[in-house]
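Below: one structure, written as structure tokens.
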Amino acid sequence: MKRPSVVLGSVLLGVPVLIALAGPLLAGSVQSAAAPLQPPGADFPLGTDVLGRDVLALALSGGASIVALTGASLLLSYLVGVPLALLVANRWADGVLVRVLDFLLALPGLLVLMVLAAAGWRGAVTLALAIALLQLPAVVRLVRSAALAPGCRAAVEAMTMQGEPWWRIHLGYVGRCALGPVLVDAGTRLSLVLYLLASANFLGLGLAPSASDWAVLVERNKEALFLQPLAVLVPAGLLVSLCTGINLLLDHALARRDEV
Amino acid sequence: MNAPLLSARGLRAFVGTRSLLAEVDVELRPGEVTAVLGESGSGKTTLGLALQGESRRGVALAGTVELRGTDLIGVPAAQRRAARAGVIGYLPQHPAAALNPLRKVGRVMAELARAPEAIPEALEAARFDAALLDRYPHQLSGGQQQRAVLAQAVLNRPDVLVLDEPATGLDAITKSEAVEALSRMSGRGTAILLLTHDLGLVRRTADTVLVLHDGRIVERGQHVLTAPTHEHTRALLAAEPRPPAAADTEPAEGGLRASGLSKVAKNGDRLLDGIDLAVPPGRCVAVVGRSGSGKTTLARCLAGLTRPSAGRVLLDGVALAADVRHRGRRTQVQYIHQDARASFDEFRPVLAQIARTARLTRGVSTAQARTEAEQVLASVGLERAQADRRPAALSGGQLQRAAVARALLAEPAVIICDEITTGQDLIHRAELLDLLAATLRTTSAGMVLISHDLGAVAALADEVHVLDAGRCVEHAPTAALLARPRTAVARSLVDSADLARGRTEEPG
Amino acid sequence: GGGGAPDGRLRAAFPTGGAKESLDPHTSSLFVDQARAKALFDTLVGYADDMSVVPRLAESWEPDATGTRWSIRLRAARFHDNRPVTAEDVLYSYRRIADPATSSPARKQFLDVDFAASRARSATELELVLHAPNFEFPSAWGAPATEIVPARTSDFTAPVGSGPFRFGSFRPGQPAVFRRFDGYWAGAPALAELEFVPVNDESARVAALLSGQVHYIHDISANSAQLVHGDGRAQLLAAPHGTMQAVALKVDRAPFDDPRLVQAVLSGVDREALVSVALSGHGQVGNDLFGKGLEHYPPDLPQRERDVDRARSLVREAGLEGLEFELLTSSVDPCFESASTLIAQQLAEVGLRVTARIGPAETYFSDIRTNGVAALTRTAPLPLTTFLAERMRSGAGTNNYTGYRSPEFDGLFHRAMSTVDGTERSRLLGDAQRLAREESGLLVWGFSDWNVAVSSAVSGIRAAPPNSLDWARFERASLG
Amino acid sequence: MAALVLRRLVVAALQLAAVAVTVFALTSLLPGDTAVVVLGEHATDEQIAVLREQLQLDRPVWERFLDWLGGAVRGDLGTSLLTGVPVTDEIARGFATTAVLALLALAVVVPLAVAVGVTTGMRRGSRLDRALNSAIVLLNSVPEFALALLLVALFSVHLGWLPATAAGTSGWALLEQPAVLVLPVGVLVCKQLCALARQIRIGVAEADGAEYALHVRLHGLPERTVLFRHVLPNGLAPAVQQLARAVDGLLGGVVVVEAVFALPGMGSGFINAVMARDLPAVQGYALVFAATTITLNLAADLASHRLVPQREVVT
């Protein structure tokens, strides 16, 4: 459908991804070497951040880890959540699992992250797991609700009588029917997770607060928003571009699917 | 002769380079009933839609369709819909899909009605029970859904009515009543286009008949039924089910047995009440009854798709779980849905879906499964090229046959057919019945045949159960029942059926 | 925006503790509590900018020769209900502060007071008796949370004090409104009303000031200070010698029990760079001692400069090349995280592998007492003797973040406090500090400016360090 | 029906109990306690010990939990360690502020999301769709604080049209100063709009192609009716869940907005309680949040099922 959205989406997604991948090769030192919050100039084309680091170098080197970490958490929560929701959705609808997930949803996520930090589980892997777990209940609920109507179709009955394993029916057919809402959810959850990861850094979890990650940079340079806007706007812009690009491409993919 | 209300010239429909309709000219005149006959897949539904300027996804239209001075094909969708709103009433072939699952039918009816008084009149014309207005579509039987949509179609007294297989869900009694209603409407000046296989219906209502073959009109006029000239027309009118296979063997032991099946709906209605039924291997048991009498509910209980409130189902003496998902071998009892289209996965090609049966039941390789599927499909008259399309690109009758093929491929112990001949022309109907008869003979499968088509019942069934309001009111060998129905329901069903006349009456 | 204040009400925005606030001056711990207490109450003495004492309610005082018996004469001042401020009120207040049940942060200032022996000699004269000689005792009377309340006061929902403003309205977590007290002993304030507005977020305070919603904002970071500075609608009041910024190296445990490593770290840190980056230049370079610019600070100390070679060779000498340790930090102070990052980076050049570890802000200062080997710390200005007594002395207990214990230091300090002669006392304190500078493990890398900002409509407020008399003194302010 | 409700109530009670136990355990796992936090930077060991005893922090955790539980069962959530005020009072205070914000934000965001979702869903792939979609995704992915600060900078500091902060106003009194609420509600709307509108969009787009929609259109039903009665409800189940999450998020307190606009709501209340290790208060907030979440989930489930009436056949 309509090429402009693909072009726009690809550009918006492509720029940050390209920077994330190739940036680290081009980036200069991300040590603090100069006065903080310098405006753009000859030495520092994008100025310096609150730690006196080169914003350009930071922007170039800070994509990979945040993109990987966000991708990992999101992927994990959907890889677990979608099957869980589809396989549970029409079987024990009021079952134990859903109640357990509701309980998880009712737990304050902040507290969980703080305890993790305090207990010394601070690694990136823990963080990705924790964030995926915190997203899980919402993902399951959404997928479950999207799967309700398709799960009642005669096609499901027919496949059941064919002897198709139930998990295959639900993962395959019902899942496909529910794909739209799921992808849309993933698209919007992306930015949620991005900033959740960043704020977790400031609880002492995951990446170091001095890391050059885009999301961390945004948080780190918060107070400099008006003094050296580029220190916030450049990384934030890359993140926004990433999110917008992904969402536009998802839209396009979904529209394509419906057309065939 | 009065001026046509709607006239189509050079109407063409195509998918890519494939032509579904070629150079069709049709005129619909006030007070005239035009019937379109044609074998399954000949393009009737495509024509019905095209005459309203609509088409299924992927299908392109060309030519002109003029309705009160507007060319429905040349104008944008919004304008087209404005032009035809209230002027054309349409009953699609699959009425279930036309009903919003979230809305009670009465509510929608009220929305659509230009004047509230129109509703009772439309309900009367469509023979739709006003008590059902407060129901969601899924709470209606197949026939009731069809009549609900029919009622919507006639609601605002449209000038033109396009009815795609209007009689499929109707029992014989209701059908005769509907025929009268149609006649009344055409008497009032409505132009009616009937797209149907039902010769009885055509005979009783049509003023003029078109015969469609491969998207072309091969013959038209008032003479078609009486003196067909085209050989295809003749073939179409002449096909006959074979005489019933004599049930000379003693019924074998075992088979499917249901006892005391009852079902109470969530709203408290009794849909089934203490049904007992036995289907010995190799035997065919027919279930007949008026629309809404509980036939589908019974079939679904047997198949484990609806959980009965009481009673149980045994297969070869072993109790089957109430839920098919908990049954040991889920393929043992196959149910062919009344709405065949809804029973297919809309995303995958039909062939692939059908082949899964063989793969799953017998563990054959994917390629082997495809070959087997192609064979069965061929035996119901579906080519590979057709079956390789997604369900949306197949005609109603084609899908019905595909569903039968899917069930047969499972080599089940019991096969339950819910109105499988409604979408078929006589040729395909005969083919289908032959295939089922052969299955009964060659395998030990038992069969439950649900049908309003007493001809089919006569051709296949060994015995017949007559349902009325969820109870089995009569139960007798087929011949006995058709010859000497004992209860009033059975009698009126048999009497109204144009069993003898509709199908076998010789031209002339 | 809110615009000026036609009613002569000055609105001051402070971060507050939410619902946990009260107007009890003796339990005040936050700056907003102190500021409100300052408006409602008064203390016997106040601190000048260098933390030397200046008279307030106490007109004059003198110790006996042993430094254990202090006579104080009060000035004529009245509470808001028109009762005079008497010696009984002072004794009541100090007893209340010293009572463990009150849980006052100022309690430690009065631990040495023998209340049984202390007494009121007349309505305006009292005598305080100490268990041990202390010639710096008057400092205690000006510490935060030592306000004088009318005798027998225990309910502070609508408190009566002798300060420049009288109570108007207040509910915890919500604004407090105070009114001018015409009978104030130092002359009635110019303002008709004073309102304390709770705004916890720093950026919100700045926005509130710049948009004219409030006239005074407390405590802003160096970066916000820069922002305010560039805006014509507001005026930045930056007090130098604000807060000490330091790293506490725990000398009572490995690896910093090795003095060579301590020296290596002291030499390895670039204080100039830290001030210019972590404080954005809004501060002064430290010299590993608290209290630069305060009374008793040793004069003529050479500035410790970065010496990477010396540091490296010390590390090598100690055989600790490539040593890894964690530097505890948190978001308690806006400069901590930048500072820890920078220090880690600087020490890497010396051959030490330092990782900054963020801890929870709310329990940070209690955590670093026991945990870890190195931590960032800070201290607002207070009298130097108080600092040395509470943070360096062996008996100081938990507030000694570096675990420094030195009989020599203790002896010098004790002698100083028992010395009548001010110059000699200063000299002894100077010696003690020189000693501590080398051994205590406290690396003072800078002093951050103390920033508040006022709207340009406000006059009569000057920049002053926290805890000093002039900080948050609204009675001299007026709205132009 | 009554049995179902009863069962859900029992389950909800169990869930709340589980939340209570877990939150208590988690909070006790955090380093430090109220005594340390209250006394702050300059506390001595002795002071801490005294306060600990006063607050009964020296008793074992499980004992304190049982005490608390005993009270909670009787509807008494205890008193805050930090303030000595009953926890219910403390929560009620923040709740008013949060409720005002949440209700206003919802009152704006729901119709807006429907409007945007329907508009874009019906014109999938059009230029308008692209523009609106990019805009809402962009608003969603801009950091919340940046959005808030930029709005404040523009509308308060620069133009002076709107107050920058609530500056001391809180609770229901906020309603008397609507100007104060414009920016915070605006930020909340921007953040919540995307997920909701996009779920509605995809639902509408998918239902719009359905045959029943075509059918009623062929009948000439006005487009508005088609949209709101036939198309919209059919894609709504996921959007309803999303709405539940949005309401949950808004009622759970919106920390950034509360901070930037100096609005003391549930979000900052809870954070303060956690920071202060104020166990009774933390428990109180957690219970209120959990009850909200569970209630919303129940409501969303009921709505979802209402939106799929054909489900009754399957069970």
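Every chain is named by a letter (A, B, C and D) in the order it is written, and numbering of its residues begins at 1.
Convention: a residue touches a chain if its C-beta (ideal position, glycine included) is under 8 Å from a C-beta of that chain, and two chains touch if they have at least 3 such contacts.
Quick caveat, the model's predicted, so the values are computed rather than measured.
Enquirer: Of every pair of chains, which is linked by the largest number of C-beta contacts?
Expert: So the chains sharing the most C-beta contacts are A-D.
Enquirer: Which chain has its Cα centroid closest to the overall Cα centroid?
Expert: Smallest centre-to-centre distance to the global C-alpha mean: chain D.
Enquirer: Determine the centre-to-centre distance between chain A and chain B, using the mean Cα coordinates as centres, and give it in whole Å.
Expert: 49
Enquirer: Taking the mean of the CA coordinates per chain, how far is chain C from chain D in Å?
Expert: Comparing mean C-alpha positions, chain D is 39 Å from chain C.
Enquirer: With centres defined as the mean C-alpha position, give me the chain A-chain D separation in Å.
Expert: Each chain's C-alpha centroid was found; their separation is 20 Å.
Enquirer: Could you tell me the distance, in whole angstrom, between the mean C-alpha positions of chain B and chain C?
Expert: 89
Enquirer: On chain C, where are the residues touching two or more other chains?
Expert: Where chain C meets two or more other chains at a single residue, that happens at 203, 359-360.
Enquirer: Counting only residues that touch at least 2 other chains, which ones in chain B make the list?
Expert: Only 101 qualify.
Enquirer: Could you list which residues of chain D touch at least two other chains?
Expert: Residues 30-31, 145, 149, 153, 209, 234, 307-308, 310, 313, 315 of chain D touch two or more partner chains.
Enquirer: Please list each pair of chains that are touching.
Expert: A-B, A-C, A-D, B-D, C-D
Enquirer: Once bound in the complex, which stretches of chain D touch chain C?
Expert: Chain D reaches chain C through residues 30-32, 36-48, 50-51, 54, 80, 82-83, 85, 90, 93, 145, 149, 152-153, 156-157, 160, 163-165, 167-168, 170, 259-262, 264, 268-269, 272, 275-277.
Enquirer: Under the touch definition given earlier, write down the residues of chain B that touch chain D in their complex.
Expert: Touch residues, chain B against chain D: 52, 54, 57, 81-82, 84-86, 88, 90, 92, 94, 97-103, 108, 111-112, 136-138, 149, 152, 155-156, 266, 306-307.
Enquirer: Show me the residue ranges of chain A that touch chain D in the complex, using the header's touch definition.
Expert: 1-2, 4-5, 8, 90, 93, 99, 102-103, 105-108, 110-112, 114-115, 118-119, 138, 141-142, 145-146, 148-149, 151-152, 180-181, 184-185, 187-191, 194-195, 218-219, 222, 225-226, 232-233, 236, 239-240, 242-244, 247-248, 251-252, 254-255, 258
Enquirer: Sort out for me which residues of chain C touch chain D in the complex.
Expert: The contact residues of chain C facing chain D are 1-2, 11, 13, 17-20, 29, 100-101, 103, 105, 107-108, 172-175, 195, 197-201, 203-204, 207-208, 210-214, 359-363, 365-367, 390, 397-399.
Enquirer: Can you check the complex and tell me which residues of chain C touch chain A?
Expert: Contact set of chain C toward chain A: 202-203, 221, 223-224, 226-227, 276-277, 280-281, 331, 334, 337-338, 341-342, 344-345, 355-360.
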